[in-house]
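Starting off with a structure, shown below.
As written, the chains take the letters A, B, C and D, and residue 1 is the first residue of each chain.
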Amino acid sequence: MATESTAVETTEEEHADHLSPANYWMIALFLAIVTAVEVAITYIPGYDGALLVTSLIVLGIVKFLTVVAFFMHLKYEPFTMNFMFYFGLLGALALFIAVLLSFRALFDTF
Amino acid sequence: MAVAHTTSGGLDIRKTAMWSFLASELMFFGALISTFLLYRGRTNGGPDAEELFDIPFTSVSSFVLLMSSLTMVLAHNAWERNDQRQLRLWLLSTAGLGLVFLGGQFYEFSTFVHEGLKLDTSPFGSSFYMLTGFHGAHVAVGVLMLSAMSILSFRVGLTKSRGMNVELVALYWHFVDIVWIVIFTVVYLLQV
Amino acid sequence: MATIVEAPPVAPAAPSSRGGLWGWLTSVDHKKIGIMYGISAFVFFVLGGIEALVIRWQLAVPDGTLVNEEVYNQLFTMHGTTMVFLFVMPVSAAFGNYFMPIMIGARDVAFPRMNALSFWIFISGGIFISSSFFLGGFPDGAWVGYSPLSTQSEVIRMDFWAIGLLILGVASLLGAVNFITTIFTMRAPGMTLFRMPVFVWMQLVVAFLLAFSLPLVTVGLFQVILDRNFGTLFYDAATGGDPILWQHLFWLFGHPEVYILILPAMGIVSEVLPTFSRKPLFGYQFVVFAGAAIGFLGFGVWAHHMFTSGLGPVAETAFGLMTMTIAVPTGIKIFNWVGTMWGGNISFTTPMLFSVGFVAMFTIGGLSGVTHSIVPADTQQHDSYYVVAHFHYVLFGGAVFGVFAGVYYWFGKVFGRMLDETIGKWHYWLMFIGFNLTFAPMHFLGLNGMPRRIATYGDGLGWNYWNFMATVGSFVIALSILVFLYNAVRSYRSGELAGPDPWDGRTLEWTTSSPPADYNFAEVPVVEAIDDFWYKKYGEDEDHLPVRLDTNPLDPSASAPQEEFHVHLPSPSYYPILLAVGIVTLAYGFLWLPVGYLVMAAGLGIMLWAIFGWAMEDIDHPMGDNGHGEGHADDGGGDDAEAELVGTSSEGAE
Amino acid sequence: MGSHPAVKNAVTSHRQRRLRAGVFVAILTLVLAACGTGGAQDGLSPASERASNIDGLFRLTLIIAIVVFVLVQAAIIYTSFKFRRKKGEEPRPVKQIHGNTKLEIAWTIAPAIILAGLAVPTVQTIFENAEEPVDALEITVTGHQWWWEYEYTDLGVVTANEMHIPVGQDIALTLTADAGDVIHSFWVPRLSGKRDLVPGHENTLTISADEVGLFLGQCAEFCGLSHANMRLRVYAHEPADFDAWVESQLAPATVVEDSEGWELFVNKGCTACHAIDGTEAEGGGLNPGPNLTHFAQRDTFAGALYDSTEENLSAWLANPSELKSMRPDLNRGMPNLGLSDDEIATLVAFLQGLS
């Protein structure tokens, strides 16, 4: 690698201390609770159909974004990286929803 | 625009590469999950999701993987503080939790096969095993990298000046975790 | 014209550790890798061309008997596969590898060893697929490999195809990650995104297209391999599998792929037209945005390849309209290219001829593309020779003309000597005539009801005349390629010396020597504008006309002996080629299970050895370099991380 | 699109402009006339309402495309000549123009408007051609490697490769392929666009014929070895003639069950694949072949590839794969039964007796 890496080091310092281990434990606790809620609501009688599906998807998204933003520090990364990842995420979602729609296979059995 | 010395825009070279690779991986798992969603009802007379899935069991292994993200981020934190002892501890715990998850998946697969769902039973079976199998392979690669990292940590010590390994492995590991978050919700919870 | 400085007759003798065959095999220099990409792509181009000639000879007259159906099906499958994956893609990678880093003022790509790995995986994948010829026959399921035909053939030919494409996919994905990273992080000071040459922009868009589309076909290819070898039921209609799924996965990749093939050529043309018009590119930002828009929209139109598969009128309408919208950014590009020439002082050199030919021929391909978006009309055109005509106007009239524009434009930069202009013009006009003679008649053939991929056709359907003309045309193209080959060999040996800036160029590559030094720039350039080099050469008089300045903006290395500069460079490495050998060994073993398990084990062993060696390699080892032994704190560990990146992609999923 | 300055300057006077327009229209007419061959498989000679819809839409698009083509190419050629540097001339400094936002907006909007204009009839035709026909004759088309099977669902007629339809009536095709087969595509260019036959799917396509005649077509989706030899014929009759054809198809097979030919037909295993209605030969098996009940009424055989002459049939029975590439070893296509010359003669006579 021909270029020096001084710039690397400086950006490194910038976000190193955003979160402490205590924060991470709290986030993990939060994730654990969300998971527990996810599992729990599938056992509540009468809590099913669109309501259940929506709740599960929302909770899943919350977990997903929490890990990405804090554990993976994407929240503290430059725009370019956020753009690449979320662009890919939204792109993947849109494409696959379109594909499943074309098979009429998205909403029929949920 | 600042006329800086080296990397334009202050982007870290290896992290940029890793994030673009992970974005690409999103598409990969997206296609696998879509295939599963398309085929989930096509059981060809074989067992279906409701018969097979053991939600309490899978919840535990999901929890294990989720917690491995915590240990990973703690390892990363220790590495940033140059705390070799903590780093080793958390790296090894992460690898261990990963192994527990893999063990759970092995147990799950053998149970399913026992109950009559094989790779060639139905499109449902094919797509289920392909999706979870590829995820498992990713976990296994992660465990290998974590082990290599731990060995390096014992032998030479991993410091911030010695490259970006821990950071990159952490990104990869969390990615494997978030994919499982989606799989757990979409493939398991929504199917029963 | 710039002064012509003394340059060595051929590529300069490299330091011993970097020279010779071993030097090429272990090189991590993006320029050498670019040259290797270019030459191997050209070899595949000739192979694919020979396949095409046999196809055309067979179809010259009705009920042709040169080859039988079995051979014919193999030939057109390999023609398509070769031209798409083994010629146009790698030749774009060749230009990208060689010029992208130089054009952004970098000394190399972000991950030089990964770059070498991309190339070696590509070449082993190409050899893997082509070797099927000696091991049971070429793949014969068409380049689109539609299931269940691809899962039906009992012979291993389609395994060669599916596994080969997986291998090539790994190569492209690594290349894409490398290019994205390079363009985002390695630009010279002042080289903001919107000062980058359009060629670099197009490489960036292509890298994103690859990164986002390859995984989709990867999943599909795995499904085909699993179906063929492990009894999975993804495409087995009897048990509920759905063959249409493959079409979605393939075209979700396959349509962006079309833009992966054409955008680099558009980038080349966007460099050539301004240089020879002596004007900046008209509407730079619009051209860039149009390129990005084409790439983005390219993901939303895959189903227009499936208008006859029974999507239903609603989906057909949606995808038809989406397809139409792509004509808008494409039109913007064409108008801006004409606008670039307008008011210029155009010199019709060979690269310029090819570029203007590109614009003219691509327009035809674009317009016939619009007729495909008219869904009902497409149900007549689909899978007919009309489509063959269309995509050859895009990929031959477009991509290949663009590639040759690039070859004539940059040959002097790469090899130090210019291609001969007179022979070049012969080449151009022969190719232009041959191309139109070959492919224009196919429009008529298709509209007259001739389907594609047929080994023979009956007499009395009114197809004889145009088929014969197309065959004549294809041999004119072949002749033009011979002329080019003659030109290339002759000029490489004794062509006119190029000097650093033979065309009075506008971008950074012309500030360096021809060929550039290993380290590209002795001094990393500082960029202040689009077409920075031009504005360092020319000021403006009171009428806003450019006036040549007295300063010498060339990089010091362009006019001085190379030994004076000591720039830290990555050492050569033999692990990339070793890793590629391991991967291809693994692939060969897979085809002949259970005996192959031993071969696979060997392949895996080689791979592990290579990955381990890669991670542990001290890339500053004094033996491997020009003696630059100075420590570089970041490198050892950093490449460790790079190795792991590679490890995940080759072992894990893709 | 015409807003480019090159175009404005290219045309110098009114008279010239009119002259050029005249020449252009003349050439266009010639080109369009020269395009069609009028052949039996010529997509530019539509013979049904839906094919005409498609053709009209295509011609509209083509005219617009040709206008755009001429304008753009004229601009390129004009610019190339006007601004070229002559041989031996020194490079001349020119103004470094970076762009013009107004022009950019113009040539973004102009194509968009043209396309929007094209979109309207396109969408109309998509839905028009997808409309379910009323009082249609229903035929299920099954694609096989490498021949076509037609089942007239309401009439109880089963035939192969040659489809007979009445003039002026909509024919509702249901298109499918067996689970073990591959994707094919049904295409009779003069009657309609093509539609795929996908294993596990049932696609629909409506065709019709405005005139009596023979319309040719062939498989348009690559389906393996003998894709090129998977041809089909559609015969359009006056309704009365069509009824007569149906009647002849419904008549019992003219088979003498203890004739030498029948014995041979059974003993050589032909019945494993080929059905003859009204006899014990029910076909089916791993590789169902064409129903032969009224074979002698057909003009062609082997995927409509060969005329049903004695000579062709004899050659076929002697070695089918020599006349048409097939893979009988993989249950795709007719096997070589190793017949003697006498047996072949007997079987050909038997087949030609199946009227």
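By definition in this document, contacts are C-beta pairs under 8 Å (C-beta built on N, C-alpha and C of every residue); 3 or more make two chains touch, one makes a residue touch a chain.
Please read all numbers here as calculations on a predicted model, not as lab measurements.
The greatest number of inter-chain C-beta pairs in contact is found between C-D.
Centrality by Cα centroid goes to chain C.
Distance between chain centres (mean CA atoms), subunit B to subunit D: 50 Å. Between the CA-based centres of subunit C and subunit D the separation comes to 34 Å, rounded to the whole angstrom. Per-chain CA centroids place subunit A at a distance of 13 Å from subunit B. Contacts with at least two other chains are made by residues 4-5, 7, 9, 11-13, 16, 20, 23-24, 27, 30-31, 38 of subunit B.
Looking at subunit D, no residue sits in touch with two or more other chains.
Shared interface positions of subunit A, defined as residues touching 2 or more other chains, are 1, 3, 5, 8, 80, 84, 88, 91, 95, 99, 103. Taken pairwise by the contact criterion, the protein chains fit none of the simple patterns, being neither a path, a ring, a star nor fully connected. Here subunit A touches subunit C in the complex through residues 1-3, 5, 8, 80, 84, 88, 91, 95, 99, 101-103, going by the rule given at the top.
Of all residues in subunit C, those touching subunit A in their complex are 106-108, 110-112, 180, 184, 186, 211-212, 216, 242, 244-245, 248, 252, 299, 303, 311, 315, 519, 567-570, 632-635, 638. Residues 4-7, 9-13, 15-16, 19-20, 22-24, 26-27, 30-31, 33-34, 37-38, 40-41, 55-56, 59, 62-63, 66-67, 69-70, 72-74, 77, 80, 160, 170-171, 174-175, 177-178, 181-182, 184-186, 189-190, 192 of subunit B are the ones touching subunit A in the complex. Of all the residues in subunit C, the ones that touch subunit D in their complex are 1, 68-70, 72-73, 140-142, 146, 148-149, 152-154, 236-238, 240-244, 277-280, 282-286, 308-310, 312-313, 316-317, 320-321, 324-325, 327-328, 331-332, 334-336, 338-339, 341-348, 356, 359-360, 363-364, 367-368, 370-371, 373-380, 382-384, 444, 446-458, 460-463, 504, 538, 540, 544-547.
Touching subunit B in their complex are the following residues of subunit C: 110-111, 173, 176-178, 180-181, 184-192, 211-216, 218-220, 222-223, 226, 230-234, 236, 239-242, 245, 249, 252, 526, 615, 633-634, 636-642, 644-645, 647-649, 651-654.
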